[in-house]
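Structure first, then comments.
Chains here go by letter, A, B, C and D, matching the order in which they are written, and residues are numbered from 1 within each.
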Amino acid sequence: MSPQTVDVLGAPQDVATGLAAPVSLVVSGLRVQFGGFVAVSDASFDAHPGEVRFLIGPNGAGKTTCIDAITGLVRGTGSAKLGDDELLGRPVHRTARLGVGRTFQTASVFEEMSVLQNLDIAAGMNRRSAALLRPRRTVEPRIEAAAEQIGLAGSLEQRAGTLSHGQKQWLEIGMLLVQDARVLLLDEPVAGMSHDERTATGTLLQRIAEHRAVVVVEHDMDFMRRFATRVTVLHQGSVISEGSVAHVQADPRVQEVYLGSAATHGADPAEHEGATS
Amino acid sequence: MTGGLGVPSRRNALAGTGALALVLLVVAPLMLSDFRLALLGKFICFAIVAVGIGIAWGRGGMLTLGQGVFFGIGGYAMAMHLKLADAELNGGSGVPDFMLLYGDGTVPGWWEPFRSPLFTLLAVVALPALLATALGLAIFKRRIKGAYFAILSQAMVAAFVVLLVGQQQTTGGTNGLNGFRSFFGYSLSDPANRLTLYYLAAGILVAAVALSAALQRSRFGELLVATRDAEERVRFLGYDPALVKTVAFALAAALAGVAGALFVPIVGIISPADIGVVPSIVFIVGVAVGGRAGLFGPVLGAIGVAWAETSLSEAFPSFWSYFQGALLIAVIALLPGGAASLVDRLRERATSPRRGASSPPAAGAAGTPAPAAAASTPADRPAEEVHP
Amino acid sequence: MLHRNRRLIAVPLAVLTGTLALSSCGAKAGETTAGASGAQSCVDTSGDSVKVGFINSLSGTMAISETTVSESLKMAVDEINAAGGVMGKKLDVVAEDGASEPATFAEKAEKLVRQDCVAAVFGGWTSSSRKAMLPVFETNNSLLFYPVQYEGLESSPNIYYTGATTNQQIIPALDWLKEQGKSKIFLVGSDYVFPRTANKIINAYAKANGMTVVGEEYTPLGSTDFTTIANKVASSGADAVFNTLNGDSNVAFFRQYRSLGLSPETMPVVSVSIAEEEVSGVGVENLVGQYTAWDYYQTLDTPANTKFVADFKAAYGADRVTSDPMEAAYTSVYLWKAMVEKAGSFETDAVNEAADGVSFDAPEGTVVVDGDNNHITKTPRIGQVDSTGLINTVWSAPEPVEPDPYLKSYPWAAGIAG
Amino acid sequence: MDVIGSQLVAGVSIGSVLLLVAIGLSLTFGQMGVINMAHGEFIMAGAYTAYVVQQILGDAGLSLLVALPVAFAVGGALGALLEQLLVRHMYHRPLDTLLATFGVSLVLQQLARDIFGAPAVDVRTPSWLQGNVEVLGTVVPWTRLFILGVVVVAVGGLALLLTTTALGRRIRAVVLNRQLAETSGISTRATDRLTFVIGSGLAGVAGVVLTLVGSTGPTLGTGYIVDAFLVVVAGGIGQIRGAVLAAFGLGLLQAFVELSTTASIAKFLILVIVVAFLQVRPQGLFTVRTRSLA
C-alpha cells in the first residue's frame, strides 16, 4: 500500500473530529523584532487549502522567524489570521489548538517512544482528562490512517529514535495530520533526504494540501520547482516576490538576491539546484 | 508490549506489585522482630515519597529538591491532630502539652480545624496537592524548569524550615511535635496497634505503586514523558506542558503528604530535621540509586538506601557519609538509570547481542514506496538534548 | 497487548482493605496504662556482664559536642569495669550514633532498648533529641541518663537529668548579674527551645527584680551573620548581654561584637552554652574576660576533679579539656551504678525506688539525686575565660542548689510552667 | 539617620559576603549550566587552607595574605579535578551533575571531619584588621571593609578578565552560544576547564574571607550554599553585574527586614521575595539567551 492509493486525509475524518471546514492562513504586515534587530520587517503572504505554498529566501531572510511568529514562539506584530481567528498574541498551545501545526528543521519527535505513541500523543489535544487517565487500548482509525499515509503503518511499535532521518520527518508530518492541523507549517521537511524520499514527501504534501493549507520553508529549489503551487520569496525580512514558480524564477529581483548570495549559500534557484535534477 | 519508556508490561507490573505486597504484608511481618518491622515501616514512608519522586522526576523530569515541604505538611497536619486528640484524652484541657510549656497556653486558630479527624485526613492529601498546584502553575507557566526549578524547590524547603523553627509556640520549633499517645483513638503503645500501622503503611505503599503503574501506562503517563523529553514539541501539539507537569507535581506532593502523615505515628516525631534541605535531597538519593524512571526502582532504592544507612551507620558512623557520597556519584555517573537499569542491561545482553542491531520491522520496508529505501539507513543521531 | 487492560489498582486495594479489617484489634487509647503493654523488659542480667547503651551524635552538626560526652561516658564505664563492674557484672557498651537528628535518636533508642536490651541508656544532648527519645523510654519503661543543662519544665520517671536545670544555671547567673549592679540586659539566642524558655524566665526574673530587658534577638541555628544584631546590641545601652547562642553562631557573634569595640569591661557577655570544649573553636582571643554560667569547670580544685582531669588527659590526650556536660555524663554512670547497687537490681522500677538520696562525690562536688523529679543537686558557678582558654570560677553558690525544674519555689515564675 | 546608615552598611557587608560565595558559582553555572553542589565544600576547603597556612606561618596578618592565593589554588585544583573526573562526562545532564556533586560534597565534608576533627578550628584575625572605623556615622569593623575590598578586587579582576583577555572572550562566546563558539574554533573543553578552575578558585578565596566572619568547621559551606544559589538565580545566569546587584540587593533587603522583624522571619521573607521575583522575571535580573536554559 502506498500513500497514493489510500486517502485518509479527506473530509470524513474532519467530520469525525468535528473540525471546521478547511480555512486559509492570511499573514499581513508581520513584523518581528529582537531587541534592535528587525528579523522580519513586513511580511504578507497567504496559504489556502488546495495549494502548497513555498516560502523561500536566502539564509537570514526571516522564513523560520515568520513561522515562529505565527505559531506564537516569538512575538510578532501585524496580523496572521486562520479563518477568522487572529493567531498573533496567543500562547503556543492555544495557537496549536486553533489548528496550526508545525515541524522543525531538525525533526522533533519523541525519540524514546514508539511511532504509535508519538501519533497518539499528537492526536490527543482534544481528549478529555478522563480519557487521558486511561491507557490506550486500540489504535484509533485516524492514527492508523495517518501511519498508512506516511508509510509507517508497519512500524507502529518501533522506537522513534531508531527511525531513519527521513522517517522521522514523515512521522512529524503524520503527527500534524492526526493533530488535525488546518494549516501545516513545515520547516525544511526534506532536508537530508534522498531524491526518492523527496519525491515521496512532495507527493505526500500535495495530497495533504487538498484539504489543508500547507506552507513549506525550503532551500531545495528543485523540490520547490516540482511541488510548489505558489511561492513567496523573502529577503531581509520582507517579501520581494510572489507568484507561481515560473513567475518567481523570472523575477530579476529574486535572481539578484540569489546570485548575490549564491557563492556562500549555493542556493541559486536557476543554476545551482537545477543542475541536479 | 507497548514498547519503550521503561514501562513494564502489564503482566510484569502486576507480578511485581504482587511480589511487593507479598514481601511487605506477609513475609516481613513473619521474619522481622517488631523493632525491625517498625524500622521497615519508617522506610516504607520514604518509599511512598520515592514513588512520587519517580513520577515527578523520573517520568516528568522535574527534579524536586523540596519534597520535604510536602512531607512536612502531611506530617505536621497529622501531628497537630494527634497532639490535639491527646490533649483531649482523659478529660484533658485540649491544649497540647508543649503549648502549655512554651507558648501562652492557648491553641492558635489555625490549629482548630485539625481537631477534626476527617479534616486532618483530607488535609494530609489536599494541602500538599493544593500547594503544589499553586506553585506548579506559577513556576511552570513561567517556564521555569531544570536547574532553576531544582533550586527554587530547595529554597522553598529552606524557607519552610526557617518558618517552622521560628514559630516555636505553635509548631514546636526545632523540637518538632512528638510524644503522641494515641492514633485515632487507638493507643500507640500497644504493639497490636503498631502492627496495624505497619500494615497501613505497607498497604498504602502497594497502592501507591499500583497507582504509579496505572499512571505510567495511561495516556497521561506517555504525555508526561513526552513533556519531559521535548517540552516545546508538546506545546506545539496543543497541550499546555505547565498543566501536565503540575498534575504530576501535585500527585508527587500528595504522596509525600501521605507519607509524612504515616511517618508521624510510626516514628513518633516530626521535626524540622526530618524535612529540611538535606533530608529532601536524601529522598532523591534513594530514587536515583534504585532507578528514577522505573516502577519499582524508586521504591527499592529508597528502602535499600535507608536500610543500608541504618545498618552501616550503626557499625561505622563516619564511613556512611563516604559510602553515601560515593554511591551517589557512582550511580549518577556510571548508571544513570539506577539499579533497575542494571537489571535491564543484563537481561538485554542475555537476549540480544547488540541493541542497535535490532533491524527495522519488515513491514515498514516492504509496505512503503520510496521511503522504504531510507529505512535501511538508520540515522542514529545523538539523542536530542534532554531538558530536565 | 493493547487491549484487555484490567485495573492494576484493584488487587492492592483489596489487599489493603483486607489487612486493615484484619488487624484493627489493638487497644483503644486510655484503656491501658502507658508502658504496661509493650514493656516486657528483655534485659538479660543472668550472665557476668550487663549491657548499657550510649547514644550520642557521632555524625552531623552536633557531633562536635557529643563525641566528647561519649568519651567521658566510656571513661566512666572503663573505670567501673576495672573496679569490678556493677554488682559484680562487667558493663558491655552498645554505642549508637544519633546523627544529630531527633528521629534517629528515637530510632536508635528504641533499638538499644528493644533489640539490644540494655539496662540503661546514657546520652542525648539537644532538647529535641531528649523529647524524641522520651516516649521510647516511657513506653518501654527503661532508663535514660541525660547529661546536659537544659530548659527544665520536664520530669519523667524514666529519665535522670544530671545536667543543670534552669534554677541551677540561669537564675544563679541572673542573681550574679544583679549583684554586679547590671540592670539592663540584652538577650541573644539561637532560635530553639532552650534559649526561648531561658529568656522567658529571664524576662519574668527581670520584672520581679527591677531589671530591664532592653532587647531580645534570635537567629536561626547555624546563622553566621550578626551584623544587624551586633548593631542592635551596641546601640541598646545594655550593660550586659545574656547569651544563649548555640555552637558556631558564637564565633560570628563574638567576632562582630568585638570588632564593634565592645568588651567585657564595657558590656560583659554571660554565656550558658560555651564550655571549655567550645572556647578554642570560638577563639580564645574573642572570649578572654567573658563570663560563663555552669556548675563545673576544669579548673575546679577538688580531689575528684584532679583525678578526673588527669585520667581524661591520660586517656584522650594532654591537650584535651574537660567540660560541664562531660563531667555530668561521667557522673551519670556512677549515679546509675550507685542506684543499682542500692536497689540490688537492674530493674527500672527497683532503681527508681532506690534513687532518692543516692549521692556521688563527683568532680563538681557531692551531688545528690532528688527522687521527686529525677534531677540532682548542683552548685552553680560563674566562670571567666582566661587567656589559656580555661575558665576560672569567679563566683560560686554558697551551697548546692536543690533542683526545681518547674520553678515552683520562685513566686515570680508562676506563669512560666503553663 | 543613624539606623538607616548602620543598616546600609550592614546590608553592604552582608551583600559582599553573598557576592563572594556566589560569584564563582555564577561563573560555572553560566558557562556550563552546571550546578555544583560541592561549591560550598570548596569554600570550606578555602577556609581550612587559611587555617593550615596560619598554623604553618604563625603570624595571622601575613598568613591571611598568603592564604588568599593559596586558597585560590586549592579551590582551583579541586575544581579542575571535579571537572575532569565528573562534570565533563555529564555535560548533557545538568540535573545529574547537581546530584553527583552533592555526593562529592558529602564526601568532602566527611573528609574535612576526619582530617581536622568535627569541632570548629580557630583562625585568628590579624591585629591590623581588629578594631573599627566610622562610616556614615556607623561603626564598621575593619574586617568587613577588608572583605568588601577582596570582593571588589575579585569581581573587578573577573570582569577585566572577561572583557579584555582572549580567555574572557572565549568564555563569553561559549556562554552566549556554545555550538557556534565550537564551530568557530574555540576549544570549549579548555574553556570549560579554565572556567571551572577560576570559579572554584574564587570559592577558595571566599573561604579564606569567611574565616574572618564565622567559625571554620566541616559544615561551613552548607550554610552559604542556598543563599549563593539564590543570588545566582536572581541575578541571571552568567551575568556578573546581575550577581553583583542581586547580592547587594539581597544583603540590603536582609539588613532592613531584619531591623523590623526577627532574623528568622527576615530569612523566610527573603526566600519568599526571591521566589516571587522569579515569577516576574524568570530569567533573573539580566538575561542572556543561553542555549542551555533558553
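Couple of notes before you dig in:
Here is the rule we use: contacts are C-beta pairs under 8 Å (C-beta built on N, C-alpha and C of every residue); 3 or more make two chains touch, one makes a residue touch a chain.
Just so it is clear, the structure is predicted and the values come from calculations on it, not from any experiment.
Taken together, chain C and chain D share the touching chains B. A count of contacting C-beta pairs for B-D and for A-B identifies A-B as the more extensively joined pair.
Think of the whole protein's Cα atoms as having one middle point; the chain whose own Cα middle lies nearest to it is B.
The chain with its Cα centre farthest from the Cα centre of chain D is A.
Inter-chain spacing, taken between the CA centroids of chain A and chain D, is 48 Å. Centres computed as Cα averages put chain B at a distance of 32 Å from chain D.
In this assembly, the C-alpha centroid of chain A lies 73 Å from the C-alpha centroid of chain C. With each centre defined as the average position of its C-alpha atoms, the distance from chain A to chain B rounds to 41 Å.
For chain B, residues touching at least two other chains, in rising order: 1-2, 162, 165-166, 214, 217, 318, 321. Touching two or more other chains at once are residues 2, 5, 191, 218, 220 of chain C.
The residues of chain D that reach two or more other chains are 113, 262, 264, 267, listed in rising order. Residue ranges on chain C touching chain B, taken from their complex, read 1-2, 5-9, 11-13, 15-16, 19-20, 22-32, 34-35, 37-38, 58-59, 96-97, 99-103, 106-107, 110-111, 114-115, 126-128, 131-132, 134-136, 139, 153, 191-193, 196-197, 200, 218, 220-221, 417-418.
Residues 1-2, 10, 13-14, 17-18, 21, 25, 33-36, 38-39, 42, 89-90, 100-102, 105, 162, 165-166, 168, 173-176, 178-183, 185-196, 199-200, 202-204, 206-207, 209-211, 213-214, 217, 267-271, 273-274, 310, 313-314, 317-318, 320-321 of chain B are the ones touching chain C in the complex. For chain B in complex with chain D, the touching residues are 63, 138-139, 142-144, 146-148, 150-152, 154-156, 158-159, 162-163, 165-166, 277-278, 281, 284-285, 288, 318, 321-322, 324-329, 332-333, 336, 385-386, 388. By the touch criterion stated above, chain C contacts chain D in their complex at residues 61, 63-64, 67, 191, 217-220, 222-225, 227-229, 231, 234-235, 247-252, 255-256, 258-261, 277-278, 280-285. Interface of chain A with chain B (complex): residues 1-4, 71, 91-93, 96-97, 101-102, 104, 106, 108-114, 116-117, 120-122, 124-127, 131-136, 150-155, 157-159, 161-168, 170, 175, 179, 192-194, 196-197, 199-200.
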